[in-house]
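Have a look at the structure below, then the notes.
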Amino acid sequence: MPLTLILSRAVSAIVTLLGVMVIVFVLVRVVPGDPVAMMIAPGATEADIAALRAHYGLDLPLYRQFGVWFGQVLHGNFGTSISLKQNVLTIILERLPATIELALFALALAVAWGTFIALLSTAWRDTWVERCIDGFNSIMLAVPDFIWGLTFVLVFGVLIPLFPISGRSDPSLNQNLTTQFFIIEGLLRGRLGFIWDVLKHMIMPALTMSLPLAAVIGRVLKNTLMDVMVQDYIVLARIKGLSPSRILLQEALRNAAVPALALTGVQFTFLIGGTVITERIFSYPGIGNLAVDAVINRDLPLIQGLVITFGTLFIAVNMTIDAMTAWLNPRLRHA
Amino acid sequence: MSPVIDIRGLSAASQAGPVLRDVSLQVMQGEAMALVGESGAGKSTIAKAVLGILPAAIRVTAGGIFFAGTNLLSLPERQMRELLGVRIALIPQDPQTSLNPSRRIGDQLTDGLRLRAGLNRKDAWARALALLGDVHIRDPELVLTRYPHELSGGMRQRVLIAQAFSLKPDVIIADEPTTALDVTVQKQVLRLIRNLQRDHGTALLFVSHDLGVVAQICDRITVLYGGKVLEQGSTAEVLRNPAHAYTRALLAANPRYDQPERNLKPVPEDLIAELRRENGG
Amino acid sequence: MPRDLRIVLGGGFILVLLIAALFSPWLAPFDPLEQDLLIATAPPMQEPGHLLGTDSLGRDVLSRLIYASRIALTVAFAASLIACLIGTLLGLAAGYLGGWCDMIVSRLIDIWMAFPPVLLSILLVAVLGSGLHSVIVAIAVIDWTRFARVVRAETQQQARLEYAEAATALGMGRGAILFREILPNVLPVILVLLSLEMGIAVIVEAILSYVGLSVSTDTPTWGGMIAEGRQIVHQAWWVLVFPLATLFMTVLAFNQLGDGLRQWLDPMLKR
């Protein structure tokens, strides 16, 4: 039964992705500014411009351009970047690991922090501690990534310079690597100093992205925990003489986590969207930063490639969450 | 012989008014005492007071609940927790909601054995197997690995009964344990509780609204109405020669299979009015 | 915080901004575009009259801050009103008419929301070209879904209530019912969303000008100032701090206003 559910979700997601691709394709083609004009050297002739246009297939009618491009995409050919003069797929794959590591790190931070304040707030309910945490949480929810990021730049970059505020790692340390997955490869190779350096660079942007998500998790999980804590089996656990901390962690948390996961699922995808501006603020070399540059330069092939990439990431995240929800709920697992 | 549970002059009240009025009852060692009354009579309140889980809305205004010489009502929470599960246990009303849906039966059953009796996982699991045998569950090894939603209501209640007896408590509170079960299963479960109770010599406080049910397994009966004890005595006495008109009316209200032509008689209106007046409104 | 305090504080701050925006030429001590390289990156209070210091081109930070409120508020009001209009109309239609109209609108909303808002806004502005009008259109086009979803749900609920049926029985046309009976009851929710939306619009505009895709770089914007401040954060922290703080307070003010309105209108919503 879960299999059919997953399949139908996949189909729905792909349809959405296609819709998005079409929209973006049309949008960037409607660009008033002429991308080709940005690439030519002064003094080029009409013939040169026409040739360049033909090379990029920009002289064909719109629907045929889409057909051509779609066919290419299915073959894995994402075209060549206009601004960077390289194969689009290569560029994206080069920068993708940095964003993935950053997003995962931010996710881990958000889950850890969110769960912690939810548990704390439940354990100390009806006290000033709970009110304090609620207030703090509201602030965290209201403030967008943009402001957090720049505040961190100020506080930890200038005021109390603890962490670097740009880049991904010290150039002297990141030599001789085969992949761009710095953390994973660093772990495999045992280069602890390198890992520490990468983490130091990642902590600020990751923290920026994690705070709004942590606030959402904190609030949602607390609500589900409060719902669970009045259930009969919790009362029985108390009558069995189990300690309050054991009840919270062993009995309540696992039942509260599942609905909380379902409710926060959408927020995870916002995290990926958040990489765009956060990477920009911290000059972090991932696909978010790349996307901003691509748009400023009106680099059509690159923009399209990135749209597909982000769309695929969303689908992957959504499907992972669906799978996790199904797996965690024993009732669904055995259905 | 001293009572295991000694409730003396217990009075409690909520915002809406008095909930318990000067209730006194004793459960002796090895004895099964029934606490009978209609909804709202206060029997659940007494049970919750003993277990220390009274809702915040209800306050005790007088009296005490004595267990092994200590007044449970004035016991600090930590010490109360020591007693709960080990010396005082509960068979809850609803087997559907009283088991954690996300934990396996075995894990929930061995909680007390591992954490309070100090058994290691293997020994606890073996002990749990034996316990499931005591409550007549087939394929106990399989059941231990299952989740609550995979068992029937009757099986779940048996697990909860096994859980209550697992640490050999001095007294067990049974809060309407058969109300949520099919009629066909009720009798078996009742018999099970009675046999286990007699075998272990555990005292039992059996809360119910059904005189017919408690008559089968309890030694003594306390009848409660509007928070007040109306009648108390051995089961035989109370059923054959009920002293109070209300008890008589309760008995008459029970349908009898051997006299189907006899109509169900509700408790007479004027009796209720008189009882209400006695209780002050 | 009690709802009245929220409304007063939030609304009060917005009012201050409004005054700053309307009366900028009188309130600002200096011309925001006037450069004076001799006093570039001067700390606050160091140069006479420059209370908040100067930036890398010697322009007065305070004056630029005041003038930038014009952009922020223009975008806030215009973009959110347009988004509100689009979203409300579509939401009303979908919620009241149901059927395939609802199906189309819901699908549209789903596809729209599949896109990360930041990416989409940057994309749209790149497509539409930089300038105030494109920023406003971009924000409105992206965020109408926020209104549509809520209005649709609220309309569906309202349409089921008795007074709507009563109106039908009285022979009122569908359009009349929609606009004269249902809309007034959906209005409180819209108002709350509007306030929150303005806060979001201000942020998006700031992000766009941070990245350089908003108005021309001469016109002072908080985002632009922040971008510059980020570049020289080690040398001149004040160029980043003051616009950032103002932006934060503005967003907070709109949020508090929205929350206060929601609390105030809550008993009216629960019918």
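Note that the chains take the letters A, B and C in the order they are written out, and that residue 1 is the start of every chain.
The rule we apply is simple: a contact is a pair of C-beta atoms (placed from the backbone, for glycine too) under 8 Å apart; a residue touches a chain by one contact, two chains touch by 3 or more.
Nothing here was measured: the structure is a model prediction, and the numbers come from that model.
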item: Chain labels contacting subunit A and also subunit C; value: none
item: Relative to subunit A, chain with the most remote C-alpha centre; value: B
item: Cα-centroid distance, subunit A relative to subunit C, in whole angstrom; value: 24
item: Distance from subunit C to subunit B - Cα centre to Cα centre, in angstrom; value: 61
item: Distance from the mean Cα position of subunit B to that of subunit A, given in whole angstrom; value: 54
item: In the complex with subunit A, residue positions of subunit C that touch it; value: 110-111, 114-119, 122-124, 126-129, 203, 206-207, 210-213, 226, 230, 233-234, 237, 240-241, 244, 247-248, 251-252, 255
item: Of subunit A, residues touching subunit B in the complex; value: 231-233, 235-243, 246, 250-251, 254-255, 258, 330-331, 334
item: Of all residues in subunit B, those that touch subunit A in their complex; value: 51, 53, 81-86, 89-90, 92, 94, 97-103, 111-112, 115-116, 147, 149-150, 160, 163
item: Residues of subunit A that touch subunit C when the two form their complex; value: 16-17, 19-20, 23-24, 27-28, 30-33, 142-144, 146-147, 150-151, 153-154, 157-158, 165, 269-270, 272-274, 276-277, 280-281, 291-292, 295-296, 298, 303, 307, 310-311, 314
